[in-house]
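Pasting the structures here.
Two complexes follow with subunit A in common, the first pairing it with subunit B and the second with subunit C.
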Partner chain A sequence: MYQPMLYLHWKQIRVALIPLVVASFGLPLVAVSGLGPAPGSTATSLSAYGIVELTRLWLPVFPALAAAIGATLALSAWNWDHRLGHVYALSLPLTRVEYALLKMGAGMVLALLPALAMWLGAHAAAWAVALPEGLNAYPNQLAFRFLLAIMIAYSTLFAMAAGTVRTTLWIVGLAAAFVVGGLLSADLVLTQVGAFERFDVVGSVMDWLYRGTGPFQVFTGNWSLIDV
Partner chain B sequence: MSSRSWCVLVVLTLGAALPLQAQQTAAELLRQIDSLAPLVEEAARAADAARLERVEQRRASIATRVQLDTIAVRGITLVTPRQDAAAARALFEEVWDQEFGGLESRSLSQRTFTFQTSTYDIEEIEVDGVREQIVAARWHSSAEVKNRIRAAMARAISAELGEVGLGRWVAGDPFTEREPAEVYRELVLAGSQAVRRCLGGAIDACSDALGLGSRADIVSTWYTPVERRDRVLAWAGYDPVRGRFNAPGRWTIESRRAVERCAGLETEDACDGFIDPAYTSWAPLAPHIRETVVARALEMGGLTAWTRLLQDPEMAPGDALAYAAGAPLEELLEAWREWVVAGRPDVHAGLAGSGALALLWILIFAALASRSTRWRFN
Partner chain C sequence: MSNAIELVDVGWTADKAFALSDISLNVPMGAIYGFLGPNGSGKTSTIRLFMGMLKPDRGSISIFGRAVPKDMKSILARIGYVPERPHVYPMLTVAEQLRYHASFFRLWDDGWAKELMGRLELDADRKISRMSKGETGKLLLLLALSQRPDLLVLDEPTDGLDPVVRRDVMAAVLDYVSETSATVFISSHLVHELERICDWVGVMDAGRLVAELPMQRFKNGIKRLRVDGAPEVLEAFPFVVLSRHRDNGSGSTETWIVQGWEAPMRYQIETLGATLRDVADLDLEESFVELLRSFRPSTTAGAD
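Moving on to the complex of A and B:
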């Protein structure tokens, strides 16, 4: 049953996924373009500082691409089910849990494609630049982090898209209300009670989501391909 | 006179008149600027008077509502509201004993600190000559308050460096510990052959990179010709690819040509004229890196290291550091290099943990996805 699921998902997403795979391969190469000659060349290379600073400019693009791939995979996973009223799914001899897990597994396997492309691209980029002493390339770590970020983005949106549109709207609405309400109430409390200057619920939750043990922690780690 | 001669005469007259007009304009501008000077001085005097009046009013206001105490804590003079005196004494004693215990500091005993736990009940205390104010708030943790006290003490003690020759080499605060990982990163990114050699284990190169040596050709030991060129071009704001200056108006034609000669590396020393090793901005390592060397010297030298460091105002920086550390300079620099290299950051540290955490969240989301209301009958 797994293979048809994988094939269906692939058929659904291939048009969107192939450019994203190409982008995953190309991004590390673009990030290091102009950073210096290939190993063995006699031309002058950039300083270590220049290389790290220039590659740093591209760092936000890596997690953004991972999030975009995860979102594309997740939304396409349930697209047919929602459009056709879940008739195909209900016709299969599967429980809801089995069906959802098979579908999720198919998406996870497809997530390996851009991650593999990133791994190859990162290795090619690391080879293409003569690094000054003290700097190292981390293509494996970058590709692994990229894979984790895709999977997290995919599974988050997959879980949201698995429900009804109403449920999804509820979740998004509650999150938005929490952020807006939290910020407004923090201002209100601050004006009334000065001692609450550091009482920042929204900030604390965001910190937990992105820096603590929250699900999106992998997005805010070190995405450097080249570092000390 | 022919028409051609008339033209020549007109052009010459205009050519002579233009610079004269420019000179007159510049002179006029200078006169106007000079005429503004008394007004600016008067405004500054008025602003000073207003500020002093505000301070006096604030003092009077505080004095009517709050009783201030002046207490001595381990030789430090402390001005604090009476209700904060006990807490201030305990905090200052604890910080002093833990961080600076046994250290002899002349400037610390001459300096007055203020401490208050709130600015809501009273305004900020101001006392003549006080440069170190510590204001803690109710929501500050005791660790944060202690850190503020420690930083204020460190600043006060470090000010003594400015009174000796060593202050020309390092002027910051060596008591505030810096992250060795950040120091390592700065060393790798310094773009200096001396620093690279230092990281590789050449202690004489560490001495050169830190500006502790007295070599005449220090610049050529710091940087390769290409590194010198890169630094000069960055300093001059010159883009060698486009052949343009960011701010061409800053440069005379002669200095522009000199920068261009440097950009083309016409000779090996084409860029050397720009680099003055007396200015720390040209040194490969920033002044705060030097503070970490002083910190290592104080660590090696024990409680009396600070006194020894400042003992002879005329002592060369390298000698003062070695004297404070109680060890030869090479040994101190080797300890410093080991400290830096040991701090090399694990750039992707925690990635395995992130992986495990991500897996956990993926399982949670998978469980949530399988609980849809769509198939409620299942």
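Moving on to the complex of A and C:
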């Protein structure tokens, strides 16, 4: 059951996934492309500080690419089932949970492809640049973070996309209402009464989601391929 | 357990405009059950209810004696389903779709699938997105039959297909049934298609099951009578007068459409002082139309 499901997901997504896999391989190389060794030298002409600063320009692109891959995997997983009204899926002798898990598992395996490409690209990039003393390349860590970010984006969007359009719109609407309503109330009301610092609800939730041990921390953590 | 499908007082509301009300339906084991009704009468919704795709608001459903939707997984393993609209993945080829489908069904018969593919003239390497409606219809039937199901549920399986494909599809179904004595539930608004093959018939109209009876009784039980000199008010008869109207320009002659007619009943008409001029059989389509007319408020029995 699993293998045909994996194959089906691959057939559904391959046109979109292949360019993303290529991008995953190329991104680390592009990120270090300005750091080539100085002519006649084995080391780059840039200072360690300059190298770190230059590679940091590309840092937002890594989590964005991971999120794009996760979204593509999640939406393609349910796209055709939604279009077919789930009639076919519901006529198969499986519980709904079993069916969703099979689909989820297929996407998880496909997520390994861009992560592997990132790992190879990061190693190639690390190999291509002669780093001054004090700097190190972290290709394994970068690729692992990339994989985790894809998985988080995929799982979140997979769960949202599994519902009906109405359910998804409700979730997105509630989240948007919470953020917008929270921001407005925080800015317009709490600031007026001088209680903003104590009752920054949206800020607290965002901190919990994106920092420390929050589920989306992987997106805001350290994406540096080259660091001290 | 004598019924393959059993619905008891099932109700389901789609929206303000449409609901299924108090459907009690029994499909005997081994029967070929024709499910007739005009478009929008609730045939597909009823099928989706007993396939576990919709949840009834009230009533109970069982298939092979097992409760729906509680035992759906084991029930679906025994059902071959051809839905109203094509539901296969267009990016796959025929062979890939067969492999995908086969992986879910323990009783999948690969040899028979190949044989059927040849008989239905389907190309294994053909991409589904490039197939015609007729070819897709044949593929859906191929998938359903190759599971070796105990129950075949066919929702308008030949709708929109040309006569040649329609004949191929029905022939494949009949071959399977003659070989396995499986139960078949087939919905259609094409009355003639069901007339030849079904032994039971259920008729839906506006969300209600208005009739359920053996096909033979349905075919023979509805007649057109021409009666002279009938009184305005009819006494109770052992048959049901579905409709009556005065013939144009023929004085006192009326045409009655009756259900449950038997030849000896002519004497009861004559005791009213009326004369029975002739009795004609209706074909299934005429019977179907008259039956529906009798259930609709604007053209109730006795209306002119």
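The criterion applied here is as follows: the second predicted complex is superposed on the first by the 213 of 228 C-alpha atoms of A that agree within 3 Å, B and C clash if a C-alpha of one lies under 4 Å from a C-alpha of the other, contacts with A are read in each partner's own complex, and residues count from 1 in each chain.
As a convention for this text, a residue touches a chain if its C-beta (ideal position, glycine included) is under 8 Å from a C-beta of that chain, and two chains touch if they have at least 3 such contacts.
None of these values were measured; they are calculated from a predicted model.
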item: Fit or clash - subunit C, subunit B, common subunit A; value: fit
item: First, second, both or neither for A:V228, with subunit B first and subunit C second; value: first
item: Partner chain(s) touched by A:M151 [first = subunit B, second = subunit C, both, neither]; value: first
item: Partner chain in contact with A:V52 - subunit B first, subunit C second, else both or neither; value: first
item: Partner chain in contact with A:V87 - subunit B first, subunit C second, else both or neither; value: second
item: Which superposed partner A:Q217 touches (first subunit B, second subunit C, both, neither); value: first
item: Which of subunit B and subunit C A:A128 touches, first, second, both or neither; value: neither
item: Touched partner set for A:A71, first subunit B, second subunit C, both or neither; value: neither
item: Partner chain in contact with A:T95 - subunit B first, subunit C second, else both or neither; value: both
item: Superposition-derived minimum Cα distance between subunit C and subunit B (Å); value: 5
item: Contact residues common to both interfaces of subunit A (with subunit B and with subunit C); value: 86, 90, 95
item: Partner subunit A, residues of subunit C touching it in the complex; value: 51-53, 72-74, 76-77, 79, 81, 83, 85, 87-92, 96, 99-100, 103-105
item: Contacting residues of subunit A [partner subunit B, same complex]; value: 44, 47-49, 52, 86, 89-90, 95-97, 100-101, 104, 133-136, 138, 141, 144-145, 148, 151-152, 155-156, 158-159, 162-164, 167, 194-198, 213, 215, 217-218, 221-222, 224, 227-228
item: Residue ranges of subunit A in contact with subunit C within the complex; value: 1, 3-5, 7-8, 11-12, 80, 84-88, 90-95
item: Residue ranges of subunit B in contact with subunit A within the complex; value: 120, 137-139, 184-185, 187-191, 196, 199-200, 226-227, 230, 344-345, 347-348, 350-351, 354-355, 357-358, 361-362, 364-366, 368-370, 372-375, 378
